[in-house]
Amino acid sequence: MKKIEIITRTFKLDDVKTALAGIGVKGMTVSEVKGFGRQGGHKEVYRGAEYQVDFVPKIKIDVVVEDDFAAEVVEAARKAARTGEVGDGKIFVSPVDEVVRIRTGETGEDAI
Amino acid sequence: MNPVDNAFILICAALVMFMTPGLALFYGGLVRSKNVLATIMQSFIMLGLMSVLWAVVGYSLSFGSDIGGLIGGLDFVFLKGVGMDAVNSPADNLPHLTFMIFQCMFAVITPALITGAFAERMKFAGFMVFSALWLILVYAPMCHWVWGGGWMGQMGALDFAGGAVVHMSSGAAALCCAILIGKRKGHGSTAFIPHNLPMTILGAAILWFGWFGFNAGSALAADGNAANAFVTTHMATAAAALSWIVAEWLHGGKPTTLGAASGAVAGLVAITPAAGFVTPMWAIALGLGAGVICYGGIMLKNKLGYDDALDVVGIHGVGGTYGALMTGVLATVNAEGLILGNGHQLWVQFVSVVATWAFCFAMTFVIFKVVDSTIGLKAGPEEEDKGMDIAEHSETGYQW
Amino acid sequence: MNPVDNAFILICAALVMFMTPGLALFYGGLVRSKNVLATIMQSFIMLGLMSVLWAVVGYSLSFGSDIGGLIGGLDFVFLKGVGMDAVNSPADNLPHLTFMIFQCMFAVITPALITGAFAERMKFAGFMVFSALWLILVYAPMCHWVWGGGWMGQMGALDFAGGAVVHMSSGAAALCCAILIGKRKGHGSTAFIPHNLPMTILGAAILWFGWFGFNAGSALAADGNAANAFVTTHMATAAAALSWIVAEWLHGGKPTTLGAASGAVAGLVAITPAAGFVTPMWAIALGLGAGVICYGGIMLKNKLGYDDALDVVGIHGVGGTYGALMTGVLATVNAEGLILGNGHQLWVQFVSVVATWAFCFAMTFVIFKVVDSTIGLKAGPEEEDKGMDIAEHSETGYQW
Amino acid sequence: MNPVDNAFILICAALVMFMTPGLALFYGGLVRSKNVLATIMQSFIMLGLMSVLWAVVGYSLSFGSDIGGLIGGLDFVFLKGVGMDAVNSPADNLPHLTFMIFQCMFAVITPALITGAFAERMKFAGFMVFSALWLILVYAPMCHWVWGGGWMGQMGALDFAGGAVVHMSSGAAALCCAILIGKRKGHGSTAFIPHNLPMTILGAAILWFGWFGFNAGSALAADGNAANAFVTTHMATAAAALSWIVAEWLHGGKPTTLGAASGAVAGLVAITPAAGFVTPMWAIALGLGAGVICYGGIMLKNKLGYDDALDVVGIHGVGGTYGALMTGVLATVNAEGLILGNGHQLWVQFVSVVATWAFCFAMTFVIFKVVDSTIGLKAGPEEEDKGMDIAEHSETGYQW
Amino acid sequence: MKKIEIITRTFKLDDVKTALAGIGVKGMTVSEVKGFGRQGGHKEVYRGAEYQVDFVPKIKIDVVVEDDFAAEVVEAARKAARTGEVGDGKIFVSPVDEVVRIRTGETGEDAI
Amino acid sequence: MKKIEIITRTFKLDDVKTALAGIGVKGMTVSEVKGFGRQGGHKEVYRGAEYQVDFVPKIKIDVVVEDDFAAEVVEAARKAARTGEVGDGKIFVSPVDEVVRIRTGETGEDAI
């Protein structure tokens, strides 16, 4: 199985979720993260003291899927998340050895 | 000069001053967290800008010697002749300065009320100019017409503490601004969920607390009228908080905390013109109606589709109008409304409602267009994405 | 009618009104964030429900013409005969409306105090009915007994601003409710850590601020007694904030911010019955004791194991009882307590304490059982898991 | 005894009391979230500690019978002879208790102001002892010198509501403490970003609201002077909020919300000594200057490099000094300043400024050194890392 | 080595931590996440406007352990986290190439 | 490609970011996490009730890099994050199969 991590803009969460649910993804897990990249940050000023903030708010969506479903998921996520501007983010795919559903104890592809 | 009344009105003025930061929190909690400071700022800075303008020229335009029923003269510019005694004071029981500063607090909060309409997408520089012009071209005339000896007051329109001057005027301006500035990015598709409702409740509580100064203080004396206005204010507000949550409950949802707070504000708004003219039990009736009607006003907005972000029209526009008309119906204290057989009063109220909406909408339209085409008012889409806090103020609200 | 006293009591009424949202924040900060709105709502909506009920019937039951020392008559239902002058007013220096609204604010906050006991697990619909019944069946009689011409006042019980009427009554009700509703899911195994202590401190600060209206206003005149009650209130509160943190410091922990805030509230509660009867230095002594004793009351709860979520019993029940008894000991202003050799006063206080606890506990028991078996009061386990904000109000407090 | 003035000053005292928790929030929002409670606590607990000390001895040292122009006698220790009537009251229109408690609130907030200087790195136990000594050895003498019949007042120094007694004294102490305690870990390399600016704005709003009690109440009567002080306070604050954001705007940044709040506080500070002595329009001028000068004071700190964490020196030290001197220039109400040709007044103000800074700095130095070398004041680096909330109070501010 | 990601209900954090510590796990790292799955979300209403919230608060516990310890950890976590209701969550196991302890520079199994 | 997860003290974020940017890392993603380990927690007390809090705030920095760059990144991060006290944290390295840049659709090492 594969874990697909989609790091993208916060306001794209709903679009990506809908796109993935649309192709049959049954579950996913989302975290709020801060990203550093080409996009650059912004300046903040407090009582005249300037601070450069290099991190921008992003979301990370983790989805674990069967091996042969992975490419389709990546493609759907990419399309849904894309705006074409710097800062759209990345998708990482990595191997997963095992999955367990806590409720039932099922393992492997049944557990996803 | 009466020291009791002076003491009472000074404390009331402090209470009314506190309402503007209360409003800042009420609005601030309703926006997304990336816009919290910009939203708060638009109310808070009115305490700075409007106060100074009021001293310089606003007070004089409102309460200077009447010119044709339309505007006050320049007698009091730079507070000339506004002193520590009652000389020239429109309220001869109060030091002129006391009367002036009590009125100042009303001039501060009124433009702040409008900001809810264009929250999350307004540029700060343009906003400051817009507000300054609005004070002079909309608020000061309205204030003069109703309380400063102008035509509405002469006509006999009843407006105890600002149903027209404060709430209809800001409601009409809000409607105009919401239409002209357009929708927030994502309106209709994204959820704009309040980021901090406890802050909104706190704001509503401060508003309720300060409104005792607003309405009871509008008696301008610590007398039985003040007591009555205090009680009607409290009772209408209590009733409206209840009826709003009942309305949403019956309408298929749950009774919400935001509903209770919104209902309270709706009640405060609706009782404002009536506070000194109705009895406490009629105030309860008026409040029960206010909660339901303002809730309906917001449902209507959702239908009509303009993006009045924080429901200034639904609460202040609708509530103020409803309150002004009901004053013409229910007045029995120091005035006679329809229920005492005086249909004329309701007609007068109706005329004042129409005139207020028409004047304030039209004038706001002109001011908005002028400022928008010179300095610019609407923030760009990238600014909206980043949030107005960073884009306009280089700050962020929270760092947990 | 005395305009000075009118001005003073109207402002005091505004201050007391502000206490209820203060309490909402005090309690709201102490629960878990998924219950913040429901907790705030249970206080805030009392401003709506209790105020209207008070005007309709509560005021009359409390201050209508005495019926056998037990309850007031229906003379004032729907505020009949409660007017802008002092006619019929229990305080003949005040407009009747002013007296009524000042008392209204007490009737609002008292049932709100109870909500801390059943926080995080109470259904809203049942709660509303429970509170309405409680106002009529518990608060109104208690208020009549003590201040409205009923038997406790006749007996000579001293209760300056509500040790029995407000604090013991809500404390006894809280104990009853905490036992009947049962524990929160996870009680004993999970940590229930306050989610927002700055909010709690803000609430405590608003309580302290508003309590000046509560206690000094209970002099019902802007005289030396008001000054004394103001000072004793402040000093007892200051002392209790100190002694609480010293108690927890010595008890093996650290001096905590929540301890300082809790101590302050304990001091405010304990001085309430005594405020007009003791001197400032005795108030300090009383306050020093209050901080320690209420801290002890909470330690005791941890032993006994009932789930009084926000320590209403420990602070209002214990503090109110302690204050009532100490009033019988320390009274030297306008009354004579044990230290002036008048043991009888302590006995009277003791009787009033026992009667208040017994009556309020028993009556609350009945009301709770009736409402629970009809409408239902305790939320289910899934609702508790989700949090009452979503389950009961379809809202969430924060979206960062 | 005048009941109007009594009512007015009691309410003003309540307003001033509310300022201390307002300050707690103002400061609390500016620190990192791991220090929010400790910061709030350092202000809040002053309500406990200072109030009790004031009753025990502080009031007497300040207002007891003058000993050589330097200190008050022990006539009023334990509030002996401070009663419900005006006997012995320094203000013969007020119950002695009313005067005492109004002054008490000033004694509470002054040491709280200092805490901004050593925020995020001060041990609690040492802090408590430091503050107690500071009240007795710095505040009480200063208060006596200016208002209690001491040499500064005799010399004719004008300080309406505490430019020297409250703001310069705390500003000088803050400078001393910031230097002695040293920098926070990471100062210069890490960003110390405010964790909750809405809380800071709320604090500023409460300060502004309460300050009406502070300044108008300092007229000690509900007269025209109170009205004037109320208006000058509001106008200077409004103007300073504006001028601060204009200064930062021109200085290459954006107008910030924190700037508006900081400017407001700077205006409040600067008008404090002048409130009863200048006209409203001069107050606007004074306020415009205050915003710019205090902003400059903070820029200077960034140059000089001491770690006055929350800018007590820049706002209270600089603002108080500027206000005191400007009082000597602009006084035209009940006093004559330079603009009326009375250069002597400016000289007197100058002398009082120098004496205040020198005395307060030196005395604070001694107290700090003594407490630091016995009980210890600076928290260790691991405590700083963990945050003072956990290290000193075993609590955390938020659990989302 | 293996990384075990346990996504489960927030109030199960203490139970899982205790269970894992009980079998000898020396360290773990926890994040607050939002989960989408079969459990479904809830409705929120603000001034009459309804929003469907599909995400529910969950926690994610990351534990890196030696290869042959992984199965035992998974089993302990599963037992501790289980309530039997929909929404109990998932456990993912994936390969880890290298571990470094920052303080000492130790690597591999010594570093865990 | 490799994913490097650096779990360390919150106040080390800027140091690590600067160190990584210094050796040419172009992007990273940061989360706020809570760590359990040898460092131990602290006690909290609310109205006399004591709670032991075992978790301490940490940050997790995720960086995905080319295989042969990984060792250098680990070393740079380790140096920057180190204080020498217990609680400095861990670095985990794990395999990544694929990377996609959402904006351009580039994949593999080009996408990093």
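For reference, chains read A, B, C, D, E and F in written order, and residue numbers begin at 1 within each chain.
Heads up, the rule we're going with is that a contact is a pair of C-beta atoms (placed from the backbone, for glycine too) under 8 Å apart; a residue touches a chain by one contact, two chains touch by 3 or more.
Here the structure is a predicted model, which is why all the values come from computation and not from measurement.
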item: Those chains which touch chain D and also touch chain B; value: A, C
item: Same or different residue numbers at the chain B/chain C copy interface, by half rule; value: different
item: Contact-richer chain pair (by C-beta pairs counted) among C-E and C-F; value: C-F
item: Chain B-chain F separation of Cα centroids, rounded to whole Å; value: 50
item: Inter-centroid spacing, chain E versus chain A (mean Cα positions, whole Å); value: 17
item: Shared interface positions of chain A, touching two or more other chains; value: 31, 44-46, 94-95
item: Sequence positions of chain B contacting 2 or more other chains; value: 4, 7, 11, 193-194, 196, 202, 253-254, 256, 258, 394-396, 398, 400
item: All pairs of touching chains, each written as two labels joined by a dash; value: A-B, A-D, A-E, A-F, B-C, B-D, B-E, C-D, C-E, C-F, D-F, E-F
item: Residue numbers on chain A that touch chain D, as the complex places them; value: 44-51
item: Complex interface listing, chain C residues touching chain F; value: 191, 193-194, 248, 251, 253-254, 256, 258-259, 262, 295, 298-299, 302, 311
item: Chain F to chain D touching residues, read off their complex; value: 11, 14, 42-46
item: Parts of chain B lying in touch with chain D, wherever the complex brings them together; value: 1, 3-4, 6-7, 10-11, 13-14, 17-18, 21-22, 24-25, 28, 36-38, 40-41, 44-45, 47-52, 55, 78-79, 82-85, 95, 97-98, 100-101, 104, 124, 196, 199, 202, 389, 392-400
item: Residues of chain A that touch chain F when the two form their complex; value: 2, 6-8, 31-38, 54-55, 58, 60, 74, 77-78, 81-95
